[in-house]
């Protein structure tokens, strides 16, 4: 029997993507959950079939028998709603930063507000399947990873765990994202005329996705320099990661190391050096692509990683987590 | 001695363009006039020289001895400020639609609000130099034309005045504009992710720029079909205009007719058929470009016209009008 | 048992799209058919599964038991290969213009070359399912419609057949397309820097897609003005169609007429006036969307239609035709 | 009396920009020098005034009395023509890489061909005015710097010369460029559909602009990691540069250091931390903008620099060099 899943924030960019992905999922029935802050609707063709609409409340979720709710909402809304839906017996996948950072201090430092659900924060499981598949399967509340940290963590983790990178030299992650990462709410920064024919850096050394990467990789703050930048495209992230590896012999050797970590992963793809991924290759997919280049004479290396910020960086990964939680095949709806 | 000119709305896209053009003008000293509704500022380089700032008030204008004020403001702000600055002795070039439509009834019909300055509306001169250069020179208040009507009127007027077009068959103007035409205020319609990789039509048959074209060309409403559309580019308008001309022999003959109207115009450029202009050719210039194509066997023709909506369609034409009003060479600052 | 289908030109934009669509099709096994003029390949992830490769020859097709070949090739290549594959017993869906225009004279006039396969040209069925579904089902050779004519014909046909449009006043179709319509072969006209921040018209009144629209709608050449224009986007066509309808009462009445033609069509979607479609709504789908606006007082109307030029305008429609020819559900692989 | 200057390659993107800039220059008369490999022309308006055309030969240059020739040509063409024009008595500003790298070995290593003019290579002066203004003034042959190295060198030089950066930790330069940097010759890599909605890295750790940065800054190859990347925009470069500075106290202190180098430079602009430049701020200007961010607790810093690759990165800097060589004010035509 089909599981019932609800989406709050179904008109935002991640929410729209959830609707699209779940429509292809063979095992779920989708409910759109109306919330007071929903963005404006687009006109639909005559006779368009749309999922059932219910209110974004615990009562409505209970009545409809919702097994899992996706929160594609800001952190403050997610804190409020996650508690209600979990109390009502639904599992929750939260796409905001509300439950990612482990402690209330950490949350307050990076999100500049008080955490109102410390118990849930402590309980939440960080939902990067490649790092913690088993814990996800048993969770009630998933903190779906940030878009930048998803591919940054997947690309950097093997460098650290294998011991191949010289951490004292530091790791630099120069990250670039399409504009949909900033959400659908209009702002001057994401206005067409401000973005087109432009390219700009923001949150230099101070982006709130940094602590997620540190948590996932074990790097210390002084070992990791991160810059976020805006590409004039709709969707996609590419990160260029610089490291030093005094004992590494070649790029081929390095991609071998990566394949020991990701050889069996359905959503991580590796490239034969010197090929590296680009954004066109991952747009509209749940893949995180990784390629490496290495200069053996000077021991300097570069990892290039790319993902679709709305899919592997948000809605796709959320469905991947849901699949694990509800007992579906992990790739259902995602290939 | 230099004339003193003020700009209200200097942070909007047309206002920014005015600042840029007037910085190259040899005969004016520029004042930026602060208004309560100004958009947010961008960071400037250390030591950047910027024009003097004064308040957007009649008193400040009087004290600074402002000869001419540019209003790059919404229609309701323009109605209020134009009256004050004229009372204070300044000439005014208004870039909004407040003073373009001749009568209070016309204004109310298309702008859905009451006109608060009927006397000024009656006095205002419509500032399309190619059509009414002499009246502009003597005016106190210029209604700077809309972006779409500027090139539409210049492209259609010869078809009508020469009698070459069959008006009973109607004239179709399919207009496309870059996004800056919608101004700098953030909105969902002009958000990057809504516009990029998209193309959409709006205000079909009902755009408020239509009455300006009718006024300028003598066409009746039933003879003129106009659609506005959004191109995913920053700046530039291209209009494709369809007509029938039962007695015309060739495109070459038609471009001859255009040259009798525009041969001496500094800012209208014609193309040898079958070449037609594109947006790249006019971006960042004050030119309105025109080209024509004609099928002699079926008597159907097409005019293609292009202009930069922020320059010939706004700020450039405003300076052209100011040049005429203040006695400068018409092309000063604009070539 | 799965049908075997081959793709020649699988690295062009339409060919890539065929590969993508057919990978989702439950009833076919795909073969990539290498041709001497194939474009350069992109690097693939390590271990990527790709379809079997065979030569683009009749022998190879025979040996592999190919049921249907898609030709995503230029017209001259298609003429040569269609004959060979049909002789070898495969059905053929040709995406070029080689077999669309009915007569060798017509082909020579618009494509400026001799037709080398007059018998096949006479036999070929024009593959617009909404107009000739039954003939398609029984065909050996399908001339897949041009991208512009697909939505133009679907949008205009009801205006003509219902008798609602005044044909003596003519119908204007102002068409705009994304750049992929020009194919993957590099040229100055489709170079990024020539296209971005630009918008340009080409083939005014003289595009070789015009005769397809005339054939499909019954319009005469003097009744139909068509202009093609390049939008700085990857994919998507929007056409703005102007007509006069002296006896029509309202847009609602007109959309009713459209629904009598398309109410049961799986890939034509209508909008409730005054909503009209845009390109974002159809990108990456096989839908042709249609909306209408009408000014009852002057009897002028506008139809806006949009489709993805690579899908409903090429690869998607080709698969729709194959589904009909091979006996699959018409929508298989396309929803 | 006006100096006479010629442009070879006037239809390429840098060449077009030279024509545009020199049209605003008060002291020169421009000659377009036809070369056999010129790209195709765009249609011009009727009556458009264009510079005199002469052949790109020594004889034609001599006869016309050309004082200075700009070579906006590939390296192999530049090697051939530079020798001829210098023999004919003209000064030369070469925009290719032909004369930048000092030695024939260096040239062969990075450009994969033999240098045919070793004497001229030895004589050529590298034309980065901020580093070697005096030598430029007395030169016959200027090697105009590459686009990436111009802003990279200006941004990194103070870090090295001041001793503030820990060179043993290395400096990372993550560079991004608009597509015009690849020139006007059509290729698949710069085709619109390959670039739009994409972002890709190329020449990782191995770009031939690297040796220029090393020469200008004194860094060794193992100390400098450089990646070039393609932004889907027409023009502009932004580079994000990562360094460690164990003894630095703050970003404010660092910008002070920069101002000791560039306080009097007309074309280098600094930003007050934490503001950093973006591409929109320098497009269509000859400025190189620089901003810095620093984390005092971990001693990690970032420099962001931006320039227009066609102006400060090519044609503008070429004119700046010509101004120095011919005795004009350095900023003539460039503000």
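Miscellaneous remarks
Order of writing sets the chain letters: A, B, C and D. Residues in each chain are counted from 1.
Quick note on the criterion: a contact is a pair of C-beta atoms (placed from the backbone, for glycine too) under 8 Å apart; a residue touches a chain by one contact, two chains touch by 3 or more.
Predicted model, so just to flag it, every value in this text is computed and none were measured.
Chains that touch both subunit C and subunit D are the following: A, B.
Set against one another, A-B and A-C show the most C-beta pairs in contact at A-B. Using CA-based centroids throughout, the chain positioned farthest away from subunit C is D.
Put simply, the C-alpha centre of subunit A and that of subunit C have 37 angstrom between them. Measuring from the averaged C-alpha position of subunit A to that of subunit D gives a distance of 39 Å.
Centre-to-centre separation of subunit A and subunit B, using mean CA positions: 46 Å.
Within subunit B, residues 194, 196-197, 232-234 each touch two or more of the remaining chains.
Those residues of subunit A lying in contact with subunit B across their complex are 13, 39-40, 179-180, 184, 186-188, 190-197, 232-234.
By the touch criterion stated above, subunit A contacts subunit D in their complex at residues 169-170, 172, 174, 176, 178, 194, 196-201, 204-206, 221-222, 225, 227, 229, 231-236, 238, 240, 242, 244, 274, 276, 278-280, 283, 293, 295, 297-300, 302, 304. Taken in their complex, subunit D has these residues touching subunit B: 42-43, 45-48, 196-197, 255, 259, 269-272, 275, 277, 281, 284, 287, 289.
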